[in-house]
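One chain, subunit A, links the two complexes that follow: it is found with subunit B in the first and with subunit C in the second.
Let's turn to the complex of A and B:
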């Protein structure tokens, strides 16, 4: 039964796609990306709990709130480090993660924030040929909808063309009059908003506590490394691959723990250092 | 005149030493911050509540709690904290220990420090063998695990079981205990699934899917109480295992009182073996639960960890009284042996040979009653000892 793995892969995809695009586009190593997913998750779960928002409304709220917060951070802090070395960027973003963890612990405590799904999404659904967890199917459908929307946005809109141009050759894109700074801000906000969606949608499986930002960072980075930088479809297939492999290996070889997934990653990257779907120069 | 002043000073000085002798320092190690903060709060409140409700039983002595935060379950923090409590604070008694690895790591220090050490939660069976000063007022994994194995075969009439456990010492202990008695009673464990570590709650879906595919009659799960337990019940319901005819059973960690109401109808039908839950029907427990709600709010509820702290403090007060405030470890061990107490969990005592607790085990089923999840007792075993040490199994055999 692969559905569980595909659902897990969808969550990985939704969170990681923003990371891939910002890293590919800006060359910025944003380790705080998982932190944005966590902040978004908290916004979504707490908005449902305290303000009684519906699930979909809360998701939209989490997306917008996190995107807005990320724009503030991007303009205030990130923008100053675009030309810094990678080590400086890593130190800065990991510091930001620790601040996020400490603030959430201080404000909401160390415990898990449970996501309460609407009744309709709980339990099992009968597909005719098989009974399966309703929410997993919802995630799969949502994930496919998002990848189609992103793909169309990338391939068919002017903004998408600008982003692709900037990823491929930033200097050429700049000299053609594309406003890279503005493009960065928009992409960063979109990426963080997507991470927030992933944090909220995934809370049912991954839980949501202040350690979230670091706990799953490795998985997000693996997906991006395997999928290639700045490639929506690459990240999509990489996330599915990792999600399904992780699920299947845990199910059939639980004694191995998470070891296999790291082993698989090492082998894949030795074989194709630029990622499974990345271009040569990425 | 001078004689009078001297006499006055002499009286004052003797009063001062007398007052000093009246104070007993108890060094507490608990994970007050980090992932175990909820557990620390329960044990801490249990201790404080006993002192508050029994102020007259403590007199004429005073008990001073010196609290140290040991947030990591890995052992290193606890070792340092215990050492500092012994060497810098000069405590008379040690107490606390949520996580087994912390108690295991502290054992050599406790032995070297020669102070009575009261374990209020950590449940790996052989811990009490690791230092002659360890006394346990919580439980051993074998109390519930062993009793559950027998009950699964004899009361639930199940023949096949899958065991899922969190991959750390108490998890392996729980698996071994259940398996031993279940298979001795004619059952068969058809699969054993390690389900990630104690440090973080994993996504349980792949493990539960595997258990479901094996089609056992019962699925025995040990995970640490708290968020792990909440996720277990959620996943069990979401994968439709109940509808598939697989009963979820385990020690009471999966129906921890503090998480039970939030689990809601998903928890109905869970069968657990444990020494305490807040719905136990006895006068001591009724008083205990009422006092808890009065002290910590109507929504608060005590659980087995709270009782571990409460009974642990009762034992400490008993020792302080028996030794008239001068707590010498060797004499304290004598005072501990054969101690009997009417706990909220029923009558308890300390086994004079193993220094582990002897208590009742209750088989309970979660049902809906008056709009809330209620744990209905469907079976009871009196005066259960730790089967691991009774039968001298593996590391439980004395060295």
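Let's turn to the complex of A and C:
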């Protein structure tokens, strides 16, 4: 029962974690993050359909293609706006989302792009005590693997330590000789790549059409705001919370579900403006 | 003595800023001229005027006080539903009083939410305004016995204005003039407000939120008052929109409307009194002609335009115009060796 919600939470986590880290690092309000998830999803689904790539290869391709595209955008455009006002950042990224939506609509049409899962991932699996959808389990396992990998990367590598330092105190980190611009480019690329993975993995039940970038943006933002900026574990728990809550409410309270989530978010943010797991003032 | 003279100079400079300029009646003459020149397009004209009013209310919080909100449509929708529900359920349909009520309800919601939300800043504030609006939208959807749910309330029985002028959906002459007068009154109010010491302190808060408490300005109270006033005007805009169209729907509370008005203001130039006018007119005219023929290309063009504005023209169309104007004017005295004056953000 809960597994569906947990699987949805995993998708939310995979997409949102990059947003949390980039926002925490640069304080950049990136409303186009959902757009990167959408672009990645398109790359993955279309690569499978037209080039006959396998699911896993297509995911890798989507990750790399989106990460590469995001580096170009970051160096050319985002970098100019790091010192700009929040409003300019909001306008710029909304504009970017519009451009993404319109280009995809022009090129591929407004309809949903269906994702065909490989045969091995379809159907049900017997867990001994209950039958369950194989794909949900795969998502959960993938999600946990990614959390563990990210956690290790964050806590145990030099890059991770640099990112944590920069999130906590950018000026101090800079004066210690950490190249923030380079760090940010790398993080941005990784974050967008992760979003692309999430877009591809989640296409099966979130759907994939040009409105994707705006439709789920509020959810991604809620996860980041509740989880805290630049906090991997915070985002993980927030994503699970929202995913499970959304799933359960859709089942038992189909009418008031979203309302409850918004209310919970407002209360949580008022109680802890830096997010449940955030440390520093936003 | 010299210090005193400096103060006097500053005082005259400030006083000069709010003097009515020779060209300021022009927009109103044009708006009246539109009434006689294009009697067939008054419906569209009314829509534009309402949008200007809504953008003006956003300008007060965003352009002057620097509060970045993604949920301003909350107040527009609350105002619209106030008028709509009162009329539909046969409680009250006299236009002027119900419009005043829409403003009061909008302001009350603004005060209530503002007192709580304005403690936060940055992403948290953005998300809180967004979630508050989404919450209201969902509430509107749930309470469908009152609000009509997703379909909204249509054919609202609005009583004739002042007991004589009918709101006719086919010939919206009453609506146009009514909205024009309300817009004018609200504009005079906002204009007086932003040039008052209160308005100047808002600009101060926008420019440096840390320094204003240091000079003794009660920042949280100023922001809350500004948010409330702006929400009241947005409520009036929503209420008048409901009266002019004789219907309300959930779209009045949606993210689309909130984002669109933000875009308009950025397009026209924020923190400028006439930015709302230029932005709303430019956006509405463009979308009116383009979005029906090429909806996708319109979205693409709008996206490009936003990126260009954010990167190169932070102050929108009016800001661009001002820069050009200043270059033209400054170039001559500059040759004569006069110092180059550059006042930051002179309001139009």
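Miscellaneous remarks
Operating definition for what follows: the second predicted complex is superposed on the first by the 279 of 282 C-alpha atoms of A that agree within 3 Å, B and C clash if a C-alpha of one lies under 4 Å from a C-alpha of the other, contacts with A are read in each partner's own complex, and residues count from 1 in each chain.
The rule is simple: contacts are C-beta pairs under 8 Å (C-beta built on N, C-alpha and C of every residue); 3 or more make two chains touch, one makes a residue touch a chain.
As the structure is a computational prediction, the values presented were derived from the model and not from experiment.
By the touch criterion stated above, A:118 is placed in contact with neither subunit B nor subunit C.
After overlaying the two complexes on the shared chain, residue contacts for A:269 are found with subunit C alone; subunit B is out of touch.
In the superposition on chain A, A:81 makes contact with subunit C only, not with subunit B.
Contacts of A:133 after superposition on the shared chain: subunit B is touched, whereas subunit C is not.
By the touch criterion defined above, A:255 lies against subunit B and subunit C together after alignment on the C-alpha atoms of chain A. Touch criterion met: A:98 reaches subunit C, while subunit B stays clear of it. Of the two partner chains, subunit B is the only one touched by A:247; subunit C is not. Applying the stated contact rule after C-alpha superposition, one finds that A:54 touches neither subunit B nor subunit C. In the superposition on chain A, A:209 makes contact with subunit B only, not with subunit C. The wider contact with subunit A, measured as residues touched, comes from C rather than the other of subunit B and subunit C. Put simply, subunit A uses residues 105, 255 to touch subunit B in one complex and subunit C in the other.
Listed in rising order, the residues of subunit B touching subunit A in the complex are 33-35, 37-38, 167, 193-196, 200-201, 203, 205-207, 209-210, 213, 226-227, 230-231, 234, 237-240, 243, 262.
Contact residues on subunit A toward subunit B in their complex (touch as defined above): 1, 4-5, 8, 105, 109-112, 114, 122-124, 131, 133, 135-136, 204-207, 209, 211, 215, 246-248, 250-252, 254-255, 257.
Remark: subunit A residues 23, 27, 29, 77, 80-81, 84-92, 94-103, 105-106, 214, 218, 221-222, 224-225, 229, 255-256, 258-259, 262-263, 265-266, 269-270, 273-274, 282 touch subunit C in the complex.
Residue ranges of subunit C in contact with subunit A, taken from their complex: 62, 68, 70, 116, 119-124, 126-128, 130-132, 134-135, 138-139, 141-142, 255, 259, 262-263, 266, 270, 296-297, 299-300, 302-307, 309-311, 314.
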